[in-house]
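The data blocks that follow each hold one structure.
Note that subunit A is present in both complexes that follow, paired respectively with subunit B and with subunit C.
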Partner chain A sequence: MREFKEITVENDLAAAKKPEELILREVVANGYCENAAFAIKLALEEAITNAFRHGNKCDPGKHILVRYRVTHEAVEIEVSDEGEGFCPDEVPDPTQPGFIDRPHGRGIMLMRAYLDEVEFGGSGNCVRMVKFNR
Partner chain B sequence: MASQAARLKVSDMGGVSLVEFADRKILDELCIHEIQEELAVVVDKQSAGNLLLSFKNVEHLSSAALGMLITLKKKVEEKKGRLKLSDINPQIFEVFKITRLNKIFDIHPSQEKARASFQES
Partner chain C sequence: MKPNPGKPGTHASIAQTPFLLESRASENGVIIARMSGSCTMEVAESVCRQVLDLVSRAERVLIVDMSNLDFIESMGLGGLVAGYLRARKQGREVRLCAPQPAIRELLEMTRLTLLFRVFDSVAEAQASEQ
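Moving on to the complex of A and B:
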């Protein structure tokens, strides 16, 4: 069983490009289709933006931890921040009237739509995502 | 007459501003913030602005970019203008469908069809 790789970056969106690049390089090398690569890139971007903005509150002194394992069968990614976490069930459905014209609140929905598994762990400050290679 | 901003190419098409994105990926917040500022300038310059955003170069879009589009739509409509979108590739159109924003945006398959619809309505 291949081990998880780990990378910790400063709470900075430019720095957070590094794990994204590393993961996508392995995704391509493992023969995932274009649609799967699109899904993984989109979900990673959403997870890292959430960690930076909502978890770490844009604090440059904090960090984002990304753990990942890419095999021919699946891509598993965990993104953790140093925030207090949140309850995903309390995030309103952005497609409902009253919320659809709000500019925020669609990141988790897109992650769930594009990946096969999305779970929030810890106190809600860690998201685990899985995309299977089909 | 086309003008080239850092992230946008803007052309005047007889009362409609055609905006094309220079970026293929509209994902991170810095990029989106800069696009938002450039779009605000385009809207502010118009008296009663009709705006057509062409996504023909765009391959990736995040939820933050969708938020930017919602804010832009409100700004255009405050000025009694209309916002239309065109040339959205199937992968990105799926993002609109999942979030049901295809119901609130006026989306056309091509620039030509979008331009024609400005004249019809």
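Moving on to the complex of A and C:
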């Protein structure tokens, strides 16, 4: 069983591209299709943006931890921040009438739509995501 | 709704192509904005500001040509929605055209196709009545 790799980056969206690049490089090397790679990139960007903005409140003194394992069978990613967490069930569905024209609030819905498993752990400050290679 | 599982491909969407937004004024108060590359998390906020600026400058319609856009995340989509809201308030319209299949799927999944009219080409978007 391959071990998880982990990388901690400063709470900065440009710095957070590093784990994204490393993960996507492995995704391509493991033969995932274009659409799966698109899905993983999208979910990862949503998770990191949430960690940066909502978890760490854009505080440059905080950090984002990304743990990941890429195999031929599945991509597993965990993104954690230093925030207080949140309750994902309280986030409204952005595809429902009254919410479609809101500029924000689509990140969690997109993670759930594009990946096979999405779970929020800890106090809600860690998201675990899985995409299977089909 | 789940996205199309797809087939092996060129992985253009993860190539980290730099994002570019170019615009030109057309006839009758129309501005055509051409998005290309990847609208990723670190540029999305700037994209939002640029879209709002373009909506303010377009007297009637802002046409967003997405034919060369290979990736957009939720903040970038939010920028388009912010543009839609400003345009609606000012009696104007934002029209989207020629999104690549993955981007079209994203627009449909988020139901943003209920807010925006999506055309197959810039010419069709220009020809359409308000």
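Convention: the second predicted complex is superposed on the first by the 134 of 134 C-alpha atoms of A that agree within 3 Å, B and C clash if a C-alpha of one lies under 4 Å from a C-alpha of the other, contacts with A are read in each partner's own complex, and residues count from 1 in each chain.
Keep this in mind: contacts are C-beta pairs under 8 Å (C-beta built on N, C-alpha and C of every residue); 3 or more make two chains touch, one makes a residue touch a chain.
Bear in mind the structure is a predicted one, so any value in this text is a computation, not a measurement.
K.L.:
Since both structures carry subunit A, what do subunit B and subunit C do when superposed there: clash or fit?
P.N.:
clash
K.L.:
Applying the touch criterion given at the start, work out whether A:36 contacts subunit B, subunit C, both or neither, answering first, second, both or neither.
P.N.:
The second partner, subunit C, only.
K.L.:
For A:28, select first, second, both or neither according to whether it touches subunit B, subunit C, the two together, or no partner.
P.N.:
So A:28 only meets subunit C here.
K.L.:
Using the touch criterion from the header, give the chain among subunit B and subunit C with more contacted residues in subunit A.
P.N.:
C
K.L.:
Counting only touches as set out at the top, which of subunit B and subunit C does A:76 meet: first, second, both, neither?
P.N.:
Neither subunit B nor subunit C is touched by A:76.
K.L.:
After overlaying the two complexes on chain A, where does the subunit B footprint on subunit A coincide with the subunit C footprint?
P.N.:
13-14, 17, 35, 38, 41-42, 45-46, 49, 94-95, 100-104, 106-107, 109-110, 113
K.L.:
Which part of subunit B faces subunit A closely enough to touch in the complex?
P.N.:
Where subunit B meets subunit A, its residues are 27-30, 60, 62-64, 66-68, 70-71, 74, 91, 95, 98-101, 103-104.
K.L.:
Tell me, which parts of subunit A touch subunit B in their complex?
P.N.:
Against subunit B, the touching part of subunit A is residues 13-14, 17, 35, 38, 41-42, 45-46, 49, 53, 94-95, 100-107, 109-110, 113.
K.L.:
Using the touch rule from the top, collect the residues of subunit C that touch subunit A in their complex.
P.N.:
Those residues of subunit C that touch subunit A are 1-14, 16, 40-42, 48, 71, 73-75, 77-79, 81-82, 84-85, 102, 106, 109-112, 114-115.
K.L.:
For the complex, give me every residue of subunit A touching subunit C.
P.N.:
13-14, 16-17, 21, 24, 27-28, 31, 33-39, 41-42, 45-46, 48-49, 52, 94-95, 100-104, 106-107, 109-110, 113-114, 134
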